[in-house]
């Protein structure tokens, strides 16, 4: 019965796998036979918003997967509330390809369309971020985390998670200046989140022989 | 060989992951380049039944996943019959996006269409509910459940599962009054099922140190 | 490193999950907004070959999953050849929705079309069956199976697997009599395979306390 | 917490499962009802580039899965960098169906189209190969591999992985001679990679009783 967290991970990973690949599947419609009379190089070049949407989706959802992976390593028990928070997190994650596709497609639209799609996009990542914060807060509060997890580390992670919604909102605000700049800021946030900082989840130390034996038996 | 139940969970989770994301994938066709000449805000607003179908599918299938998760925690052995019941359960679960899409799309159709699609929808959830009941009944009868599971708890779960089909039928009947009301009743049932009641599956107690060590090694 | 078989199972299950749900996803195109001017009941009734293809795919691929599940329970090691056989098995399994869709769609076509699609369909299941037989033969020959598996049981399973290709060919031959009859014979074979016979893989006995403790810890 | 590598495997397998099946899903659009007035045999024959793209994708992505499976068997710990390398590997893997579809579709196009699509295709497999090499290099350097792995074997694997990018480039170069020949060379490389050579990852020996007991308990 203590296996619960691993089933939640498997289930979430199934959804992440679909989200990460769906934009690549969408690309298939740009095959020449279906390009509607255009020349191939022209048809492929015209589809650039789809490639951009693929990369954005992969970047954002890949980063969320990394965070999910880092968080759930420490979860040793689940309850109904944590499962519901995780489902709601996934509800927003699964909508990312749709809003990322709208966002990148409308970089060649009017200013009003750019703002509308940027607002829809930021709504998705804010929703995801909200339930990420709630999951971590609930897991800490109800002692669902590994007892050896240093409480100061847990607090540092919570603080860092809290930082994300305002940063997303700042990136969104730049759509009123320049939509490309706004998009670059989102991708910069992804890049920054990959750099290790104090308060980051620790890397496994190479000396922890017990962990090796658990897998390597 | 005792790993069997975990493979059933992995397999079922793969199907749940597709079911939960497929409506989000469908949304991709409402991107502006494919909206057929409409203005973007108009095209997006016109697609509201798809957003509704996404939320209904996520709500209903997410709730079924929670129930499946709670039930299979207690399954320690599987036999051929339980696997077949589980496959038939998944046959109906995989049809939910189709019927939920029809249901929400026809809220703007005629009364006859609303009733037809509501009947198809309730058929799917009744089928799913039937095989959920049969799975639990068979697992109890053939001692496939964990020996430490309190028989009174197992009985309480069985009673609760039995309640679901009539409740679904009542929600369906309201389509003859108002289809929106009928839909709200379905979503209310999802909400109610998330609240813990006597007879509910217990939360892991924070004191169960043995379980922690199983994962936290 | 002894975990290998479980990764093969996870990977195969991902493919099975897509195969089982893809026909349900295809159904989504029959939503009323996309039915091209037909009345809803008429549009839904006209789509019956798709429902049939969904049920056939679920039946056939579900049965293959059951067989895969039963076989891989006994696999304790993998080698490169077994992995390649498994990949080739999956290559044919993933083509089942396509040929099942063609088969059911052409029940309303000409006799020549019925025979062509029936031949394509039987080709897929024969290919799948071939690599199932090869997998079991290779695993037995190279001692990749659990050492406690009774050799007589392993032989009985091999004999039973060998029976499947000729039975499929007989079901196929009936397409020259009546294509509906041929289809019913396929589904009858699925039904028969679910019934336990001597030589079937054993059900877990309720007395095997050691297995319970492995999961129920 | 030592379970990390297994979650990375599950997640990657979800993506591999989608990649391997997506071309089979695409085939569904060639069903007769959607073939646009053509005769069935003609419509099916006309779709040969899609069958080819399915087989190429399955061959290439199946081989990558085998390599991923063989590599990750030896990974006992993960860090942030290895996870990011794995995500970038998957970014290129998920694009393979798109470029394989373009490649096979343009075998009946002009020479310029053949070269363009061959260049896009080789770009995908080079990207995948780059991050495969980086993953193995990083895992060796930061002692994320099983301590019992023979360093000479690890080095031999690294040398073999390094061989792949130049071989891919040679196969690509043949597109200027004959695009069919270039394609056959790619498939030959897949075939060669399945043959065991010195420096290959070892097969599990049948004598290693300890491994048996880990799974067979």
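Here the chain labels run A, B, C and D in written order, and each chain numbers its own residues starting at 1.
We take it that a contact is a pair of C-beta atoms (placed from the backbone, for glycine too) under 8 Å apart; a residue touches a chain by one contact, two chains touch by 3 or more.
Computed from a prediction, not measured in an experiment: that's the story for all the values here.
At the interface between subunit A and subunit D, two copies of one sequence, fewer than half of the residue numbers in use are shared by both copies. Seen from the C-alpha centroid of subunit D, the farthest chain centroid is that of B.
Between subunit B and subunit D the centroid-to-centroid distance comes to 35 Å (mean Cα coordinates, whole Å).
With centres set at the average Cα position, the gap from subunit A to subunit B is 25 Å. Across the assembly, subunit A contributes 1-3, 6, 10, 14, 17-18, 146, 210, 214-217 as residues in contact with two or more other chains.
On the subunit B side of its complex with subunit C, the touching residues are 1-8, 10-11, 14-15, 17-19, 22, 26, 49, 76-80, 83-84, 87, 90-91, 94-95, 97-98, 101-102, 105-106, 109, 113, 116-117, 120, 142-143, 146-148, 210, 214. Within the complex formed with subunit C, the subunit A residues making contact are 1-3, 10, 14, 17, 215-217. For subunit A in complex with subunit D, the touching residues are 6, 9-10, 13-14, 16-18, 20-21, 24-25, 27-28, 30-33, 40-41, 44, 54-55, 58, 62, 65-66, 69, 72-74, 146, 194, 196, 203-204, 206, 210-212, 214-217.
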